[in-house]
Amino acid sequence: MVKVGVVGISGYSGLTALEILLNHPQVRVTYVGADSTTGTLSDIWPRLNGRTNLVCAKYDAAAAIESCDVIFLAVPHGISKKITPQLIKSGRKVIDLSGDYRLRDSRVYQKWYGEPHTDAVNLKKAVYGLPEIYRVDIAKAQLIANPGCYPTAAVLGLSPMLCAYGSAVESITIDAKSGVSGAGRKAKLELSYCEVNENFKAYKVLEHQHSPEIELYLSKVAQSRVRVDFVPHLLPINRGILETIYVRLKDKISVKALHTVYKRFYKIEPFVRIMALDAQPELKNVVMTNYCDIGLALSADRKLAVITSVIDNLGKGAAGQAVQNLNILCGFREQEGLL
Amino acid sequence: MVKVGVVGISGYSGLTALEILLNHPQVRVTYVGADSTTGTLSDIWPRLNGRTNLVCAKYDAAAAIESCDVIFLAVPHGISKKITPQLIKSGRKVIDLSGDYRLRDSRVYQKWYGEPHTDAVNLKKAVYGLPEIYRVDIAKAQLIANPGCYPTAAVLGLSPMLCAYGSAVESITIDAKSGVSGAGRKAKLELSYCEVNENFKAYKVLEHQHSPEIELYLSKVAQSRVRVDFVPHLLPINRGILETIYVRLKDKISVKALHTVYKRFYKIEPFVRIMALDAQPELKNVVMTNYCDIGLALSADRKLAVITSVIDNLGKGAAGQAVQNLNILCGFREQEGLL
Amino acid sequence: MVKVGVVGISGYSGLTALEILLNHPQVRVTYVGADSTTGTLSDIWPRLNGRTNLVCAKYDAAAAIESCDVIFLAVPHGISKKITPQLIKSGRKVIDLSGDYRLRDSRVYQKWYGEPHTDAVNLKKAVYGLPEIYRVDIAKAQLIANPGCYPTAAVLGLSPMLCAYGSAVESITIDAKSGVSGAGRKAKLELSYCEVNENFKAYKVLEHQHSPEIELYLSKVAQSRVRVDFVPHLLPINRGILETIYVRLKDKISVKALHTVYKRFYKIEPFVRIMALDAQPELKNVVMTNYCDIGLALSADRKLAVITSVIDNLGKGAAGQAVQNLNILCGFREQEGLL
Amino acid sequence: MVKVGVVGISGYSGLTALEILLNHPQVRVTYVGADSTTGTLSDIWPRLNGRTNLVCAKYDAAAAIESCDVIFLAVPHGISKKITPQLIKSGRKVIDLSGDYRLRDSRVYQKWYGEPHTDAVNLKKAVYGLPEIYRVDIAKAQLIANPGCYPTAAVLGLSPMLCAYGSAVESITIDAKSGVSGAGRKAKLELSYCEVNENFKAYKVLEHQHSPEIELYLSKVAQSRVRVDFVPHLLPINRGILETIYVRLKDKISVKALHTVYKRFYKIEPFVRIMALDAQPELKNVVMTNYCDIGLALSADRKLAVITSVIDNLGKGAAGQAVQNLNILCGFREQEGLL
């Protein structure tokens, strides 16, 4: 049994992580801490009543270090980079669900997150927790930067394309649609029910902070500079992301060859499913799971590929993937505790 | 053309009132004021862009008095009772959509709204703006207390029963379900999308501030003290209230007679529709209208009547009814400007 | 490992049962059959792709008997009573999720289900699968009639009241609200998205076929004839039932005593949670779980109790409870495989 | 007063048209006919109870011709081309909301609608009812092919771009999201509530029958062959379409110049609103209206324009636009009867 702590418990990622961990056969949750939300977990989340007697304490690094082997940080970006150094110094392993350790360059971080990065040392060491690309590094990592929800769907949706046809790619457009839990759990008017329900809109058009993260890791996969145009939208549902990815190509490709490329790329992956060529993925098939489903289509002129990639933003896009990373880190079966 | 002003514009009732008034053939909106939300209406509500050039000013009593014949107050309770005295003194007519002038007794007001009433004089004079009961008084009123949303559905649903069978009534239970706009437009975590969507709950069980309003006006209708037990629930939709009203009777009644009583009671009413005996009202038939639809059923032992009453909480439950009152006040056709 | 079969796979209960069973550490799903929906489960339910290689065959009793210890029937009522006799004769255990074996009297069945019951012998033998009341009998049963969704919430919500205060009860009114999956998975106009979304209505007012089931088992609990008035409503959400239960009493009771009665009644129950006196249950806390949460309130005159009971209609109201029954039947820990 | 008939009344477009027409100050609805749905309108649509005494008769061409000046066809494609010839022959004016008369070439029609066009004569004569482009022709037309919902948003969103920068356009990708009413009112499992709610998916990827309509009318606007790649998605809301349109350009453009182009193009239009450069359109601002709101953004390299175009699919995308066309046809003020 590995001893796991969760820091940050008032948000949806923290709750989802905790629900998965409490049910994980090889995990014991030994610590729960938060900045302001303290008390019994069953008071904080009535949903957990009867499933745990854990108490959430005001976060204390010494207590977390004392009681845990691995610590999940489900705190907002900006907080994580303050907490992490001490945990790393103590030898504990950290899985950070925030955006703090995903961008390797502190100048890029400052540009997109609007504040200086104060932990450049660990920023360098962090491993990007996308198992389908970095499984080997994750197994040996001390600090895992758990990917953002949009980047997870994008990088999984585009990696086979870039590996097989990278030099032929002319442009990449990502039209992303996310459920509301992706915006976090906040008392904001624009997230209130009547403002979101029966509504739909684009936001942060071409300006979302996940753009550089997508470009960084796609560039690594492609081994050359990759540019994407990324437009997110707010979907009136609780959970789930669908990205419709348009890849324009200089040369004609074959849809069967494309399909084979994707099937092979993810052949041994437990959590990526490639749809048949006549089928499209749907959010309902991945919500409450750790799966990423990918659909493929090609234009009649065979020079535009339409890739549809769906995940649960709280599952494969956050807490599920964090547990997948934990499993890799601890040498467990990768699906352990996960649907 | 009557000159109408609207005070309070950041909430859903204010917007709905404004949308109806802008389209009303005998109304000119001559003033819009608010406490903090100021600027062009098309900036405040992009929905209104192109439909009006009105500018919302910081509320100023003199300006409102100067430019209006009738003033709608779509402000929170507590504000209304501060604004109203000066408007009344100036001779203007006021239609107050808040709860401030509905309870005739300032002690009852203090008990349920948690603060003293500071305008006992006008509290006495106010006419309750439920046209189906108080049409004659409304026509002559200077200050109209526009009914609450729950009380509108309840009093319309119960009045015929109490008039015809009042002495036989043993108990009244109102199980009410309201869309989220009934809670107002607020940045509150419990009203945020993910907390409300795919959820349902009762709240303020037997303790809602609309209970005394319902009892007060039902007692007037019945000409004797009427008690109700009232339990509201939060429905994951934007607009609409359905109340399922259970009336237990000492004596058996006939469902056909009951149906006839209701048909007759509302025979000339333009906005109350009695369903056929085998049909139930649905929210979708009244949303975006000023209608109240009422369904009737009787238990096999003929001693329990189940009355279902539906309205649009922003229509007949607020802004629609306010315009109906305006029409009466001004001698217009009662349906003018209303669906 | 117990070998379990599932018959009926195109509906939401069948899918939910299958999802739970596939993840159950002591179960092997050895048979899946259906009337018309056949093929690989991952084709029928893309959600299950990668989680099972099972194939759904055209239902064949011999095959089911050959390969299973226990058979779940997730078929519509009417079908179950045709399939069950042969399975029972073969010595297999059956957990029937339909309404066919819940009403003990075939005349009552005919009255409410509109067709004669053709298996009176097993109808007598069937044990009602509500563990909180019939745990001992379930452990020894061969045929378990899994309770209806509405009756589960009602009987759990009312049993402590009837045991402790039964003779004081004057009337019981159940105002029930159910998510749409409760109506089954059907191509019906009235269940189509635009007809249900942003809508709300009562249906089968005082005439729902779950009424006699509720009365039958409450009468057994109370050891005297219990009458309820039951009005269901269609809630625009996927999953979940909330019942607001109004119990009028001849005598005053104490809310603290009432709370104690409920806490004690369910003291050792793994799946019933009694809310604190100032809290109300919410659907979101039980959806995707096997819990029933119960809230309590009392009127100021102390003669009306308001009991709010929530479950997931596909969890504790169907498939979850069926697995709980399986666990009891097989001597497993009752929570095994369940949240 | 112009006498208007509506044929086809069981669908959402027919209902919406009727609701607008009943409230239109210069229209009298003199005929309502349908294939199978007959009876009083208040029985067919309880929402209309009290607003009309009209009776829907089994469709009879002679009766329609006898009683109407203008006839709205709100029937499925395939039916319209059978009904229209006789109406046209009689001299009546026809506004067809189906897809039957939008594609000018009967071979293209056959390819995309899967059946031969049987009324080539009128197909040639029909005027495409997009007032912002064809206002002058509409005023003189006898047969108006009311545009499809997706094409309305696309052609309005792209026309200024193509007029001003047509030769610089390299590729156009339209990522469209539509509310469920766009799929019509049908008893289909895939449109049932639980299948659509909390779900999202692409469908008919690059194969939707609105693609050739979009390309046809954009080509006319651009006066050269325009190709688009069109991917629609099903949005879990009742009403509204948002299209995110990606235009890749050979040359850099200026966002301010682009904005000016759009503002000028629609300067006198009553129903097209161009958002400020820092704002994005939202469905909620156009639902229940006849507006089209358009937002503009440009990539950092100034070679990708992102145009967001929103309409109510039943308003500007169907019935609202049909009434706008009626107003033009009859010489009324274009906004008459419309929000």
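Note that the chains are named A, B, C and D in the order they appear, and that numbering of residues resets to 1 at the start of each chain.
Basically, contacts are C-beta pairs under 8 Å (C-beta built on N, C-alpha and C of every residue); 3 or more make two chains touch, one makes a residue touch a chain.
Small disclaimer: the values here were computed from a predicted structure and weren't measured.
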Inset, instruction - Supply the minimal count of touching-chain steps required to go from chain A to chain C. - result: 1
Inset, instruction - Going by C-alpha centroids, which chain is farthest from chain D? Tell me that one. - result: C
Legend entry - B-C against A-B, pair bridged by the larger set of C-beta contacts: B-C
Legend entry - Inter-centroid spacing, chain B versus chain A (mean Cα positions, whole Å): 46
Legend entry - Distance between chain centroids, defined by C-alpha means - chain B, chain D (Å): 36
Legend entry - Approximate Å spacing (C-alpha centroids) for the pair chain B, chain C: 39
Inset, instruction - Please list all residues of chain D that touch 2 or more other chains. - result: 195, 197-198, 236-238, 281-282, 284
Inset, instruction - Would you pull the chain B residues touching chain D in the complex into a rising list? - result: 23, 46-47, 49-51, 198, 270, 273, 275, 279, 281-282, 284-286, 288-289, 291, 293, 339
Inset, instruction - Would you mind writing out the residues of chain C in touch with chain B in their complex? - result: 171, 173, 175, 177, 195, 197-203, 205-206, 229, 231, 233, 235-240, 242, 244, 246, 248, 280-284, 287, 295, 297-300, 304, 306, 308, 310
Legend entry - Residue ranges of chain A in contact with chain B within the complex: 12, 180-181, 185-189, 191-198, 236-238
